[in-house]
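All chains are identified by letter, namely A, B and C, in their written order; residue positions are counted from 1 within each chain.
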Amino acid sequence: MDDLIEYAPDLAAGFLVNVKIALVCAVISLVLGTVLVSFRVSPTPVLRAAGTVYVNVVRNTPLTLVLAFSALGLSDTIGLTFSDEPSTNGFWLVVLGLSAYTATFVGEALRSGINTVPLGQAEAARAIGLTFLQSLRLIILPQAFRAVVAPLGSVMIAMIKNTTVALAAGYLADSAFVMKDTFDDTGVSIPIFIGLVLAFMAVTLPVGFFTGWLSRRLAVVR
Amino acid sequence: MRLRRIGAVLAVTAMSASLAACGGDKTYATVAEKVKDGKTVVVGTKWDQPNLGLKKGAEPEGYDVDVAKYVIKELAGGADDVDITWKESASSNREAFLANGTVDIIFASYSITDSRKEKVTFGGPYVVAHQDVMVRGDDTAITKPTDLAGKRICQAAGSNSYKRITDPPPDGELDLDAQLVGAANYSECVAKLTGNNLDAVTTDDLILAGFATQAAEQGGGNFKILGQPFTDEKYGVGLKKGDTATCEAVNKAITKMYSDGTAQQLFTKWFGKAQGLTAPTSAPTFEPCA
Amino acid sequence: MSSTVLFDAPGPRARLRNNALTLVAVIALAAVAYFVYVKFDQKGQWQGKIWKPFTEATTWTEFIIPGLLGTLEAAGLGAVCALAFGAVFGLARLSDHRWIRIPAGTVVETFRAIPLLLLIFFLAYLAPSVLGSGDYTLPALVLGLTLYNGSVLAEVVRAGVLAVPRGQSEAAYAIGLRKGGVMRLVLLPQAVTAMMPAIVSQLVVLLKDTALGYIIAYVDLLNYGFKIIPAVFFGSLVPAAIVIGVIYIGLNMALSALATWLEKRSRRSRKTGAKPIAAPGVIGMGAGAGLPQ
């Protein structure tokens, strides 16, 4: 218990980094995922193919490799830098890798949401003379959105947990790194581990409950 | 049903495979005995450190590896018939590998420190390295270690070299205000140095010399080492805690390696092209075997 | 095209518009590809010299294949243990006894909520201080994979058994089977068919997660490919990342293809009343399901 109290400031600072990464990634991956799904359901075969290739490549690559590549490959070798300040640069490289990875799962969740809308709904919309955009806005998206809330919640929870892999990109600031560093100094400490786990649960459980509640409230009875 | 049977077969296979991996054969009291009588030994070296221990093909090669071969040969009484198995020993698992017998003896740029002495018996040291600084070849802003104030230096996971720059004694040395850039190991540090994502890599001069020589040979980059060493890193031979008999034998072998000129010859072979390094002429003072 | 919910069969104007869009898309994608090519070229990433190691047999026999074996060993052990863990805890959660159901539920929910890397670090540091010194990278990795993926699989098992129509168990009780018999002879055989796709997708997740072992210095494909190969062949970092990336992607896509095939087969199969349950990574079954590293 003493370990937890002694290292609490460091651990809290590390955990705050996880939260910051998660917040930025949530926004970017949702935007990127929406773009991706619009590719994957577009009427243009080329865009569909591009979307499919991106999803299959990125989703099947271990996150550790994605993050290590974004730091060592894209930044160190190719010369992509966000900032001269190393810690800012490291932060955005983690965000880049994690968002690119999470976006594939967001895209797939959205796509399966669209697929849950029965064909008859779209046919009925066309039959009453709605245009493409109208049927999308009034009929399909509202229904798809409801089916997508819970899976998106799961994706976001997994993303929050995945922020701990940040150290694979050489960004040595998050709580997983602080925990490892502390263990290196003082040996294993069960209170520190449990404290961190509870901190993560304090963030992920509300997200799960909220999206679960929302999806049940919005559920379409068919 | 069929599925379950397949599952059972898989489980049994996996378990027996892992058991076979853990199972050992005849045991010897000391590593020296094992080398002499059993004619086999498992040697731990780095696999990713150019010119010290780098796995190029079936075997690693480098200064540490050549010293290991010499010492093993001496332990076997001068005979060249010992079957050596090479095993990667990264900084983070060296102590564990020795303690549980995964490896018998370690030559892996293994600095002798007080905290490690509690867990490991060290033979040697067989060479003394010094912390130094490596920068890009075209960098003229950094000419001495104190120029690192405000610069970006590498923090390799599991290594404390950066503390000598950023912290005051006793942990550190220079107490400068440098920015740290994280990396998993020193190869990554060098990649970041090439890519202009940091300004200097600071660690043992032998490690730096390995990278600089390799980059020059393979034409991939141009680095220079400042040549202003500021610490002593005594590279020891790692042995299981308490194996003092082997430790004494190793020290005898190292003494011989220096007296017959092999030590200087190996040093020149691997570090001759690096600037600012001179081959030692006599064996370093040995640490007591404990 | 008429089978999608979004679009009708295109008319002449829509076809024209689609063709224009295709053209724009092709140009844009080609521009992106060219930009990437030029950026890589500027940094000399297409030089034959840094790609050459991967055309030599020794690079494969000395680095990539041993690394791959390390990855497959961790994945194989993890998969077997996680399946066993999942079966035990999934069925325990379905128990009629509160004192079994509730602890099992707590274990499953807890391990699903812990970030896997934290768990693996913790186990890797805990093992030596409890069991004495030793090399615990593989056991820590396998145990971490087992606890996390096993917990997700427990949910899959539970969902699979619950997906079997009630009439099946009612009929089984009616012909005089006991609880064990109902589960063993009626529910599980049908549930397994429904669970297979979800199980295989979770195994893909598990295979990807073995790469976390790299962070605790387990010697796997990522370790060999991303640490040792670039150290040996100066400058080959990007080629190495691409080559081992392709291997991971190939392995996972083969497993995913197996999942799709199993799903199709179980849809066709009339032996089960249970509909295939969704892969946990795509359709969430509650907090924290699926999709990690």
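Worth pointing out:
Heads up, the rule we're going with is that a contact is a pair of C-beta atoms (placed from the backbone, for glycine too) under 8 Å apart; a residue touches a chain by one contact, two chains touch by 3 or more.
All figures in this text were calculated on a predicted structure; none of them were measured in a lab.
Across the structure, the highest number of inter-chain C-beta contacts is found for A-C.
With every chain reduced to the mean of its CA atoms, the largest distance from chain C is reached by B. Distance between chain centres (mean CA atoms), chain B to chain C: 36 Å.
Per-chain CA centroids place chain A at a distance of 16 Å from chain C.
One simple way to say how far apart two chains are is to compare their mean CA positions; for chain A and chain B this gives 39 Å. In chain C, the residues that reach two or more other chains under the touch definition are 215, 237. Under the contact definition stated at the top, the residues of chain B that touch 2 or more other chains are 184, 191. Each of the following residues of chain A touches two or more other chains: 68, 72, 76-77, 79, 167-168. Against chain A, in their complex, chain B makes its touches with residues 152, 155, 157-158, 179-184, 188, 191-192, 194-198. Those residues of chain A lying in contact with chain B across their complex are 68, 72, 75-77, 79, 81, 85-87, 89-90, 167-168, 170-173, 184. Across the complex, chain A meets chain C through its residues 41-47, 50, 56-57, 60-65, 68-69, 72-73, 76-79, 105, 108-109, 112, 114-115, 117-119, 121-122, 126, 132, 136, 140, 150-155, 157-158, 161-165, 167-168, 175-176, 179-180, 183, 187-188, 190, 193, 196-197, 200-201, 204-205, 207-209, 212. The touching residues of chain B, counted against chain C in their complex, run 3, 7, 10-11, 14, 17-18, 47-50, 54-58, 88, 90, 92-93, 95-97, 99-100, 102, 119, 184-185, 187, 191, 214-215, 218-221. Contact residues on chain C toward chain B in their complex (touch as defined above): 49, 58, 62-63, 73, 76-77, 80, 83-84, 128, 132-137, 192, 215-217, 219, 227-228, 230-235, 237.
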